[in-house]
Amino acid sequence: MFVHETTVRVRYGETDRMGYAYYGDYAEFFEVGRVEALRSLGFPYKRIEDEGVMLPVHELTVRYHQPALYDDLLTIRTRIIAMPTVRIVFAYELLNEAGVLLTEASTTLVFVDRATMRPCRAPAALVEALRRSFAR
Amino acid sequence: MFVHETTVRVRYGETDRMGYAYYGDYAEFFEVGRVEALRSLGFPYKRIEDEGVMLPVHELTVRYHQPALYDDLLTIRTRIIAMPTVRIVFAYELLNEAGVLLTEASTTLVFVDRATMRPCRAPAALVEALRRSFAR
Amino acid sequence: MFVHETTVRVRYGETDRMGYAYYGDYAEFFEVGRVEALRSLGFPYKRIEDEGVMLPVHELTVRYHQPALYDDLLTIRTRIIAMPTVRIVFAYELLNEAGVLLTEASTTLVFVDRATMRPCRAPAALVEALRRSFAR
Amino acid sequence: MFVHETTVRVRYGETDRMGYAYYGDYAEFFEVGRVEALRSLGFPYKRIEDEGVMLPVHELTVRYHQPALYDDLLTIRTRIIAMPTVRIVFAYELLNEAGVLLTEASTTLVFVDRATMRPCRAPAALVEALRRSFAR
């Protein structure tokens, strides 16, 4: 299993009339989590895409236990539990500064070859980097 | 069961670098779906909130089958399948102008009394309006 | 001068902690205004782009007189005052249902040839459609 | 004059079909700039608001010279040039990692007493902190 942590601060523009982070804006928090997780593995998402592979999101599941509030500095804990195939699953936990678990989520993304627009296998180098990480 | 349909057009600001509607922006499409569904029942969401009841989202699940594209005029089909208790579940289907099913989703929202910030039962008048609708 | 009106309803996701529409989300309202204005002239923005011309925004100016609130049904009045050259200027007024002027804004967009990524002249057919409109 | 710098990375959800950061999403970048500038002065915006003063944006002007692109790590340089009265003006410059000036902007915000919803003077302690900063 690969685990990575990064932080994101809730912006005013991400709050809603209740003073909570709007439920749709969490998608960007999860995006930050997985992009920084991939970067830490040596695979900036931008490079994956520049090499002709896209990673559209196929499934999203979120459970909002407690609201994230304006100016909260959230910790995003991102996990890759299984080796990617044509799919890669990321699991997320959001915690506030007091360490309270606010949100649990997961996303399934599909590797798509931009030339053919067909699903394709995960880049071999990414699989290899994860294999090394899992072996640790 | 209660079914309601409305439309929403994908804005440029909702597209991403792939030319797809960004996966997080669908949350606003579902919001439009349930808000217009409630309005058609005589319960503008704003009024529910002005009467002291909030409806934060507790769970979100989305399956993205095909991407929604820039300027697509999407039909949002919103269903309420079960009578609300302290929770209300909405199921959504997004279809493009060709009638292709792009996305399926559901959200679970919790009725919260703003005075106590505790879960509370759905407003009786909303339950009654749904009961009449289900009986049809 | 060409004038066009359309409407947009303020979504919950567009409100902020003050209960106002977030100042950055107005950009999408103005986008809706100019896109529908162009569509009414027979030039869906998508088609302009599909024909190889992009229209990035070069300047934006907004004066927020009164806040737009959750669920407000806003009228967007969009004006094209001068014939487009390599630039096109749109002026906007946002009004609420009571007819109160909430916001005034303008955007300057530049026609860019996607093949060369250089500024280019407005499509002749668009200029012609505007000329006919101005002559009315 | 008070100058502050912070950074923000362009998210995928902030890009559009051109691959540029959407023109409306810059508003959040400027928000990050001024919020972090105020925090560095000892005035987290959240605290200002919790003490009963709101700061809605009254004017926004942006000039987009070059597009910010996906994954760009932007420097936001925020300046307060004049002492705040009932208004405070922030000027912004966005630069990419190569130091290229992408965007110039300014926002005028108004101090509003939440109890009366009337404009009010800037908190004395903030004025004093800026006075010390200007004197340096």
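Here the chain labels run A, B, C and D in written order, and each chain numbers its own residues starting at 1.
Everything that follows uses one rule, which is that a residue touches a chain if its C-beta (ideal position, glycine included) is under 8 Å from a C-beta of that chain, and two chains touch if they have at least 3 such contacts.
What you are looking at is a predicted structure, and each value in this text was computed from that prediction instead of being measured.
Averaging Cα atoms per chain gives one point for each, and the point farthest from that of chain A is the centre of C. Across A-B and B-D, it is A-B that has more C-beta pairs touching.
For the pair chain B and chain C, the distance between mean C-alpha positions equals 28 Å. Averaged Cα coordinates give chain A a centre that lies 24 Å from the centre of chain B. Mean C-alpha position of chain B lies 34 Å from that of chain D. Multi-chain contact residues of chain C (touching two or more other chains) are listed as 12-13, 17, 22, 24-25, 27-28, 31, 70. Partner chain A is touched in their complex by these residues of chain B: 17-18, 20, 22-28, 31, 49, 54, 56-64, 67, 107. Within the complex, the chain B residues that touch chain C are 11-14, 27-28, 31-32, 35, 44-46, 70-71.
Note for the complex: chain D touches chain B at residues 12-13, 15-17, 19, 22-25, 70.
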